[in-house]
Amino acid sequence: MMVENSMPTLSRFGIGFLAGMEWKPAQEEFGALPFIYGTVVSSLIAVLLAVPVSIGVAVFLVEQAPKSVARPIAFMVELLAAIPSVVYGLWGIFVLAPFIREYLGPFLQTSLGFLPLFQGRLTGIGMLTGGIILALMITPIVTAVVRDVLEAVPVTQREAALALGATKWETTTIVLGNAASGIAGSVVLGLGRAIGETMAVTMVIGNSPQISASLFEPANTIASLLAANFAEATDKLYLSALIEIGLVLFLVTFVVNALAKLLIMSVASGPDRAKHT
Amino acid sequence: MQNKISISNLNFFYGKAQALYDITLDIPEKEVVAFIGPSGCGKSTFLRTLNRMNDTIPIARADGTVTIDGENIYAPGTDVVALRRKVGMVFQKSNPFPKSIFENVAYGIRINGIHSSKSDLNHRVEKALHDAALWDEVKDRLSSSAFGLSGGQQQRLCIARALAVEPEVILMDEPASALDPIATQKIEELVVELKRDYTIVIVTHNMQQASRVSDKTAFFMLGKLIEFGPTYKMFQNPDEKLTEDYITGRFG
Amino acid sequence: MASTGTSLHNRRKLVNTIMASLTSVCALLVTLLLLLIIGYIAVRGISSLSIQFLIDTPKPVGEGGGIGNAIVGSVMMTLFASVIGLPVGIAAGVYLSEYGRNWYGNIGRFVADTLIGIPSIIVGIFIYTAVVLPMGRQSGLAGSLALAVIIIPIVARTTEEMIRLVPNSMREGALALGAPHWRVSWNIVLPAAASGIATGAMLAIARVTGETAPLLFTALNSRFYNYYLDQPMSSLTVQIFNYATGPFEVEHAMAWAATLVLVAAILVINIFVRTLTRKRY
């Protein structure tokens, strides 16, 4: 059904639709590249920030903390996942964006301002804010998956390392090595979530279809383009363009999620696992 | 012969449940001591008190002293990491790391910084594999995954891995229980061979195995040490009625 | 054992301590974040919250207004979505676990897992093309259907997992008495897994209560109390979005107050359900 409704642009622009730089509905010009760029960059920022922290939290919960400490913290992480996207967006607009404008942005500009990444005007709304909000949102899910794969690593692996005189941390690196493909799966899963996340990003990314080197500049993602414009797209070609880009998002998240699932399953029931559990 | 390990008045608890009662026992240097007894008698728990592997269980608690070379390993301030390097362990099920054969053996050498150079590392890995009687079988595929080995080979790899860090004591927790008779025989021959350089404590549920490999045997039941003595005496003329009943197969 | 006082040994201990502290810092950071977010919502929200606010409909800026109709819309759409989604999801879960140990079931499981990961805005577009375009207008019905599409795969998978936990001996006992397979599923297995399934269902409902993206162009919004599912319908989440992105300070204040209501509802369900059942889902 979605394919059918995206036929007008599919036939008119073909593959060039994905590479087009300009998005001007009034002139019937539809190029999806700025949105693809925004989606990719904001999701990468999110993954880069969220994954190390998530692995840290998961290691803390599984390998280090006593049960009495791990349980309430795990519970809080789950609650973080329960908070709706629109609430993260609201918080992003009124707490995170001013924080970036007043503190984080100026700090980055003075310390790393020679990089094009951190040049330009500081409004608090833009790519970086979107990426950080996404990072907050995917941290609970990545943490939960990493935690599950760490728990699936047999205790005999830990004992083997300890018996060789490994420290707690060295033992943890053995455990992480065992869980490597599952952790990769959690990263991909987090990426998939970030790519498809809509409301919070829409509220803080600035919704401007441009490709800029600066992370402080406003940008746009596929999901927030859809959220902001779908309701008002009355023109048939415009609607078709939006549905087609939605289809792209669907296919990308489908592939990413399938990949994540395969990676995570390989830890739960891999050929290696069968041999040494 | 000098005593390597002395255990005195050791009590061990899981939470409120007592698993070991007042164990006192001396393990002589460069001999093989076997722990036998019916399952659940505490022999594995006791073995794991000797390198403090039970520390990983939060509710576990040990009272009493275990001294190795005259130092109490349960004294406050004991460096458990250094202890475990000195007291190696081989587990019931082989547990190689998901790494190559070479890296499995090299791991302990690397983290402990034992090697002086890359060639020294290679040399040490080769020696450990030799000592574990595995070298000839794996020398052509050192970089392939350890999981490609048979069960018996994996267990000997784990022994090589333990030897590589130059321990003085090796604890073996039913190392052959998951292996076929031929692989078991190889492990047993290896144990006798290793006695020249190491003090070995082996837990086994197989009494023939105990009689074949060990110099001394300790018999445990329900968390208590029933009898401890030279293996030939334990099997031919035990002091205790319980030991005799167990060895002659009247229970267990 | 005396520590071997080499520099390598000390370095290893140091690395161990540093990494242990780093992971603790990560855990602390995430915990603080939750408290910060919830605390901020509570502080900002409570100042604009009143009985009148909970009853009123949105009004032009400066004349007050509230979220009464949005609450009613959210409750109605969530309920209707549950009425459709829960039976379908539970049935699918029973099928997957009781009959799905084959090629067919694996496909179903894979599709359900993939659907769970599909962005909710895509669900909105799907319902837009499938329901809104043919009907000719946005409606509460379309919004409910979008939420139902989100509920179904979640409930299907938790149901399946809960049923897997029912011991096989229970099944075999009933089958041995000559009961047909479907009867065993319905009378024995399902009741045994009921509390777990209920937990999964409650969490799915809490999840869709917070959904915004799939409602934006299916249910749209409405300024009035509306009890008819064939008309556009307001929801708390869309209302929060509108208030939050509006230009005026009073709107922002109302966004915080509405958020407090929404988050309180969702967290109460979550905390209640998760503390009742100690297992994790």
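Each chain carries a letter (A, B and C) given by its place in the written order, and its residues are counted from 1.
The rule is simple: a contact is a pair of C-beta atoms (placed from the backbone, for glycine too) under 8 Å apart; a residue touches a chain by one contact, two chains touch by 3 or more.
Every value quoted in this text rests on a predicted model; they were computed, and no experiment measured them.
Could you work out which chain's C-alpha centre is the most distant one from the centre of subunit C?
The most distant chain relative to subunit C turns out to be B.
Return the chain label for which the distance between chain Cα mean and whole-protein Cα mean is smallest.
That would be chain A.
Using the touch rule from the top, point out the two chains with the most contacting C-beta pairs.
A-C
What whole-number Å value describes the gap between the mean CA coordinates of subunit A and subunit C?
Centre-to-centre distance between subunit A and subunit C: 19 Å.
Quick one: report the Å distance separating subunit B from subunit C, using the average Cα coordinate of each chain.
Chain centres of subunit B and subunit C, defined by C-alpha means, are spaced 51 Å apart.
As a quick test, compute the distance in whole Å between the mean CA positions of subunit A and subunit B.
Measuring from centre to centre gives 48 Å for this pair.
Mind pulling the subunit B residues that touch 2 or more other chains?
Where subunit B meets two or more other chains at a single residue, that happens at 81-82, 86, 111-112.
Give the residues of subunit C touching no fewer than two other chains, as numbers and ranges.
12-13 - these are the residues of subunit C that touch more than one other chain.
Could you say which residues in subunit A touch two or more other chains, in rising order?
Residues 167, 170 of subunit A touch two or more partner chains.
Inside the complex, what are the residues of subunit C that reach subunit B?
1-4, 6, 8-9, 12-13
So in the complex, which bits of subunit C are touching subunit A?
12-13, 15-16, 19-20, 22-27, 29-31, 33-34, 37, 40-41, 44, 110, 113-114, 117-122, 124-126, 128-130, 133, 138, 206-207, 209-213, 216-217, 220, 237, 240-241, 244-245, 252, 255-256, 259, 262-263, 266-267, 270-271, 274, 280
Quick one: which bits of subunit A touch subunit B in the complex? Just the residue numbers, please.
66-67, 154-167, 170, 174, 177-178, 271-272, 275-276
If we count contacts the way the header does, which residues on subunit A are in touch with subunit C in the complex?
Residues in contact with subunit C: 1-2, 5, 52-54, 56-57, 59-61, 63-65, 73-80, 82-91, 93-95, 136, 139-140, 143, 167-170, 172, 189, 192-193, 195-199, 203, 223, 226-227, 230-231, 242-243, 246, 249-250, 253-254, 256-258, 260-261.
Looking at the complex, which residues from subunit B come into contact with subunit A?
On the subunit B side, the touching residues are 51, 53, 56, 58, 81-82, 84-86, 88-89, 91, 93-99, 107-108, 111-112, 147, 154, 158, 161-162, 165.
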